[in-house]
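This is the structure I want to talk about, given as structure tokens.
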Amino acid sequence: QTQVQFWHAFTGRLGELLEKQVSDFNASQDDYEVVATLKGNYSEALNAGIAAFRAGEQPHILQVFEVGTATMMAAKGAIKPVYEVMAEAEAAFDPSAYLAPVAGYYTNTDGEMLSLPYNSSTPVLYINKNALEEAGLDPETKPATWPEVEEILVKLKEAGSECPLTTAWQSWVHLENLSAYHNVPFATEANGFAGTNTELAFNGDLQVKHIDKMGEWAKEGLFSYSGRRNEGGARFRSGECAMFTESSAGYAGVKAEADFPFTVTNLPYWPDAEGAPYNTIIGGASLWVMSGHEAEEYAGVAAFLNYLSSAEVQAQWHQDTGYLPITTAAYELTKEQGFYNENPGTDVAILQMTGKAPTENSKGIRLGNFDQIRAIIDEELEAVWQGQKDAKAALDEAVSRGNELLRRFEQSTR
Amino acid sequence: MEKRVTFDNRLLPYLLLTPQLVVTIVFFFWPAAQALYQSLLLPDPFGLGARFVWFSNFEYLFNDRYYLQSFVTTAVFTFFVTLVSMSVALLFAVMADQVIKGAGAYKTLLIWPYAVAPAVAGVMWLFMFQPSIGVIAFYMKAIGIDWNPVLDGGQAMTLVILAAAWKQISYNFLFFLAGLQAIPKSLIEAAAIDGAGKWHRFRTIIFPLLSPTTFFLLVVNIVYAFFETFGIIHTMTSGGPGQSTTILVYKVYSDGFVGQDLGSSAAQSVILMVVVGILTVIQFRFIERRVHY
Amino acid sequence: MVEKQGFGTILMHAVLIIGIAIVCFPIYLTFVGSTLTHFEIIRPPMPLVPGPHFIDNYSEALTSGITAPVGRMLFNSFVMAMGIAIGKIAISILSAYAIVYFRFPFRMLAFWAIFMTLMLPVEVRIVPTYEVVASLGMLNSYTGLILPLIASATATFLFRQFFMTVPDELVEAARVDGAGPLRFFKDILLPLSVTNIAALFVILFIYGWNQFLWPLLITTKPEMNTIVMGLKQMMPTADDYGNWPVTMAAATLAVLPPVAVVIFMQRLFVKGLVETEK
Amino acid sequence: MATISIRDVRKSYGKTEVIHGVSLDVADGEFIVIVGPSGCGKSTLLRMVAGLERITAGTMEIGGRVVNDLEPRERDIAMVFQNYALYPHMSVFDNMAYGLKIAGKTKDEIRQRVDQAAAMLQLEPYLDRKPRALSGGQRQRVAMGRALVRNPAVFLFDEPLSNLDAKLRVQMRLEIKQMQRSVGTTALYVTHDQVEAMTLADRLVVMNAGIAEQIDTPMAVYERPATRFVAGFIGSPAMNILKGSVSGADFVLEGGGKLALDTKPEETGRPLLFGVRPEHLQIATAKEATLNLSVTAVETLGADTLAHGTLSGANGAGGELIARLPGSAKVAPGDTLPLTVQENMTHLFDAETGKRV
Amino acid sequence: MATISIRDVRKSYGKTEVIHGVSLDVADGEFIVIVGPSGCGKSTLLRMVAGLERITAGTMEIGGRVVNDLEPRERDIAMVFQNYALYPHMSVFDNMAYGLKIAGKTKDEIRQRVDQAAAMLQLEPYLDRKPRALSGGQRQRVAMGRALVRNPAVFLFDEPLSNLDAKLRVQMRLEIKQMQRSVGTTALYVTHDQVEAMTLADRLVVMNAGIAEQIDTPMAVYERPATRFVAGFIGSPAMNILKGSVSGADFVLEGGGKLALDTKPEETGRPLLFGVRPEHLQIATAKEATLNLSVTAVETLGADTLAHGTLSGANGAGGELIARLPGSAKVAPGDTLPLTVQENMTHLFDAETGKRV
């Protein structure tokens, strides 16, 4: 039996679901055995993969979060593009079976898929219906735009809410997706797709306006900051926060823990922006195949990746976790199974993703040292929420600090 | 200080030293040399290629005011962790030294935090102080305290300092207690006869005589605050809000481990090594001097 | 001493009891958490007295592990902690002996080579160390888990300090009695170091037990996972939600062995500390 | 300025009583030496005076004031410890000044008093040193100085010289006595060295197992020991003690020999102990001799010679004796030494109670 | 069974020479005591014999064999240390047996030898105890026992009694002597206590600053000290030394007084030192008196009385003197004491070189 090493970053319940997929695959055939190993959180797992590669001990498959995409792409000798793996294994592989905006993120300019999307998500808006009701609003209200949101927030506040709005992943939702959603660049060179000589551009008018507005809300107590990751989830699920911008993958948690009825709806947009809303972009992680292994092992990899992409597996995963179904087939299957009817709001994410054809600005973001850049953005945004800096100054500073990191990355990969 | 009496043997000392030297060379000097070398490179993460850039990694760091700021943050953090954990431990030790009944039970209970892994300690503290789920945070807000460490840098710093200090209290307590018990009773009696009351005796006799222990703990605590707290910071604040809790080691970790900027991370390691080297020398100096006490 | 007593003693007990209550609160809270339901924990405020779900949560913690059974992880942690404690004590006591009791060429060089490592923890040289371990083929092995964490001089330093306080006359007496260096070491020095060894053992055991980053990096086989790794795996990341009562039960379990070691060796431990200090 | 009055003072540790009721009145300015074997309770008694141990029963007065419940600092005493208990982290000056600083004296006064004491103890060159840089004798003097500067009502000394070598001990002994004389402070001094006891004391308290066996001037204790214990403890080499009983004007030894007695006690026949100090045995002509010593060992000390032996011959048998002979007497093991007992230098004790008869 | 021969042995630490060429021949079975003030090199000399210090120059023979380069264990010696150096973790039995175990003796032989030594030293009840549960005297005996069981050619003692109290010291002194006599082993014994030196030694080596000033029997050293240093060091209280010069049959003191001399050295006019021991001054009638002592302090020891004072009156001035008077002489500070010097008990030393004249 050929062994395939699969290093991942899924702990807790997600880890258990992943283990289940692996053992199902192992049980489904006799040629290959996939060994899944947890390597810590996203960052730790990526680092473990890199360190292992340097030592010649790399796994076959490595789960890398979207932030590490540019790093992986730049490492030409370290990875084996998925399309190649599939081709060599002569596996049935049809890139067009994947949802375009999902696959697009992990596809090179020639349209070749480099890594396999695995757990992909996109931000949506969660609303506590009880909270709306208590504020004297129609619990079924689904605000589409930020001005509409603002009106609701004011009402919530008046009704005594301590936390009318909070968010998870602030940079991802309120800058990266904001930019894509309104078709403005987050960075030059097609958000980094076109080359490493990219520069950050998220200090444009739209972004400044949005952050400025949020800063204002923070000051007025309409927006309450919870933390850099998804700390807000606990606050929303416990009923403290009324509205919550968060990844679609948060659905499972909300569903499990919230003891109130809730709505999932599209991420709001600014109506005065031309053409808005466009599509949002994805987060989550994809599976990268690493170079330096035997052909036979790659065959196993291909078989496993194919298994993961199969409609049944994907549909189940999508329904269990709130991550997007990565293939059209899985989406159709879920629809067929009546899941969306039983769980209203679960298709919001996918519809929002696929609503319009992706533009240069909404395909995704591909930056080196992106994790650190996000840390810088987090720092600067925190200054805005605290009222220490105005939005323009903070974003300008973030851009210039981030650009230095981009230059370092550019030099190191040259 | 040197031993007056020694053995004469040519081969034996080398044999005795070999295991440690081998381990040290293989697992310390070799990696450290690589780190040193890497600090002069701008490598890509996968080691597929690297450019030799001389000292530009260092230049980059010292031009980064956020890096310089994190020296200050580290100093503040270290100072308070050391101060809090040592003074609380000293207070407990002084009291445990005086009460005869129950001293054993107190000692046994105070040891617990020492056994908790830093990574777990961070989570425990989040459960108390995280604004969203923390029990204590809940009651603090209930009595009207504006508790928001996710945005308030000062509060965040306070929180990580408390958590980091907490873990070290047990260790300090044990050493202080041992140190107190080693002070000759007759000195304290002499001071009592000289007319000194309790507080006076503590201030002018006990505390100065405890100074070797205190200094030892000072070094240990500084090193602890420097290096072993990043697990706590990582789980609790990730260095934020802003950079208000980004200490040097966390930065090494996040740049190298999270950001894959190996050149900068290596350069930071080298700078840390220098700082630590200085600390080591100071400690040796002091210990050598006081052994004759 | 003749001193006005009464209130002072009560006050001291009061301060100690309150102090200990505060210090132990996080651990108590963890224990309380391990006896509640998930919903009691996540909806603030969490109750502050233990609930009735002790058995459910602990049996779940013991039987369900994500990648490896808790028993297996406890065993690995134990091997690693013991390996680090024993290995480090063994190599350090030998090298400290060489440095203190012999004069030989390059002695100072060896001395400084060893003491350079005094304070630089693995974390800041972790990637190069990983490469070394990998190139020696030690990934996924107990050797790989243990050896790099032994490369530090703290124990050597402590032994050196202790040996300096051993009276010269003992060596002389032993030499006159006809003992060579090895016999002196075995018959005299080693037995005299017992309390120091105990103290170091406790410190190093806990150090080894609590390691996270290093085992995470160098083990890929689930059967090599340690308990702290297991514990971290139970904690939710990303947008997941966790099973807190079970996680807290596991956390409580993970703290027990080191606490047992400390309490069991407490007497020797404290004595060892005092003697080294002087 | 201070008298001390100790009335039936007792001390128990847990259930064990270690001081069984000691009473003692000390006059102002008197130098009392407490002497006794190890473990007899000397330190305990002293520490009760100092306030370092609680008094279990009885009363203790210093300067007419009951001090049973007073803290050490309220008793106006100063103490010199056996191991000096110098503060290792303070200079000699600071060690001496410590008590004064606490008492809130002015800088000038402190400096003046310390300087004066330092001059008296010849410590001026060392005032800036730490104790560890001093020799044993110097440390001893610092400990003394620390007590001295305080100008207390009572000095307490707990074996202050026992850590010094013989030579220094002789010298310090004199210095202590002179110092106490010159300042005129009441002093309690504990020792187990009898030379110190003899030379220093105005009065001696000989303790044994928690009881004061005799309280008197050194010469009185030497000349008329109240008990057999005191007789054996004071004097070196120790008093020779022979078992027997009185018969007329003679003391009949257990072995059968006879010794003439100076006084004739009535208690004929009762078992008694006959005591004579080695220095009160003198070489005599064979005719005059009342004792014959079969010499078994000889120690020549230069100034004196000690002859160890057993009683032998016609007029005595059955006892071990030591005779101290002046100069380098020509005796060798195996010799028989004819001895007489100096007049009025014999002692009789009850064999059971040990009391002087 | 072993003679020791030390020939012009020197020792330097770095550049400082601390032993400046000592020569000494020890006969088989002889008990040699090395005495001298602290730091004079006693221990160093002993440790060179033991093989614990390298010999810088000269040769050292034990039993006719040059041992300069032999390890301690090859020298067939046993040593008793000042602080005993007992192995704290071993029982008394194991402490004593350790050397034998290393030598590979059988269990039976070890047990037998240890039991024998323990019996001799009355240590049987303590064989299972650890050293910390023993009193000072008992520890001392264990240290002795450890040396004894080995049955070595030479015993080395480095101040073995200095940590004991006075009483125990007297007792152990005798025991050591008896033990050495009975086993007949050559012994080197270091002390700075002169009573020990006098009573134990067959021959005495008086050291000063790295030089052996005199090597002779104790009485010879006492009676005819070779140097002024030896004169002052041996004897307690120390010999009185007065400065002056010879003039005819008299010794003229610096202060102007005159003393009669026993012998008449030629060196008229040269600055000399006149020495007389306190015990050789006797109370005389005012007429006979050759000295008058203005008494400044008196110490009564019971058996003797020490009178401290200065020379005064018609026939003497300018010197401090101590006189040791037998019994409890009735003198008080302020008295003038008429004294004579015992015949043949005066010493003269060269003022510059200190050598006996």
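Should a chain be cited, it is by its letter among A, B, C, D and E, assigned in written order, with residues numbered from 1 in that chain.
Here, a residue touches a chain if its C-beta (ideal position, glycine included) is under 8 Å from a C-beta of that chain, and two chains touch if they have at least 3 such contacts.
From a predicted model like this one, the values you see are computed outputs, not experimental measurements.
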Practice problem: Provide the labels of all chains in contact with subunit A and in contact with subunit B. | Solution: C
Quiz item: How many hops, at fewest, get you from subunit A to subunit C via touching chains?
Solution: 1
Exercise. Going by C-alpha centroids, which chain is farthest from subunit E? Tell me that one.
Key: A
Self-check item: Distance from subunit E to subunit A - Cα centre to Cα centre, in angstrom
Solution: 93
Practice problem: State, to the nearest whole Å, the distance from the C-alpha centre of subunit B to the C-alpha centre of subunit C. | Solution: 15
Quiz item: How far is the middle of subunit C from the middle of subunit E, if each middle is the mean of its Cα atoms, in Å?
Solution: 56
Quiz item: Which positions in subunit A touch two or more other chains at once?
Solution: 44, 47, 54, 229, 234, 238
Quiz item: Do you know which subunit C residues sit against two or more other chains?
Solution: 1, 3, 42, 44, 127, 131, 133, 172, 175, 180, 232, 235
Quiz item: Of all the residues in subunit B, which ones touch at least 2 other chains?
Solution: 5, 132-133, 189, 192, 257
Exercise. Can you check the complex and tell me which residues of subunit C touch subunit E?
Key: 167, 169-170, 172-180, 183, 187-188, 191-192, 194
Exercise. Note which residues of subunit E are touching subunit C in the complex, please.
Key: 47, 50-52, 71-73, 77-79, 81-90, 98-99, 102-103, 146, 150
Quiz prompt | Partner subunit A, residues of subunit C touching it in the complex | solution = 38-39, 42-44, 66-67, 127, 130-131, 133-135, 139, 213, 216-217, 219-222, 229, 232-243
Quiz prompt | For the subunit B and subunit A complex, residues of the former touching the latter | solution = 42-48, 50-51, 53, 60, 66, 130-133, 150-152, 238-243, 254-255, 257-261, 263-264
Quiz item: Mind pulling up the subunit A residues that touch subunit C in the complex?
Solution: 5, 7, 9-16, 19, 35-42, 44, 47-48, 51-52, 54-57, 59, 121, 168, 229-230, 233-234, 237-239, 246-247, 249-250, 252-253, 256-257, 259, 322
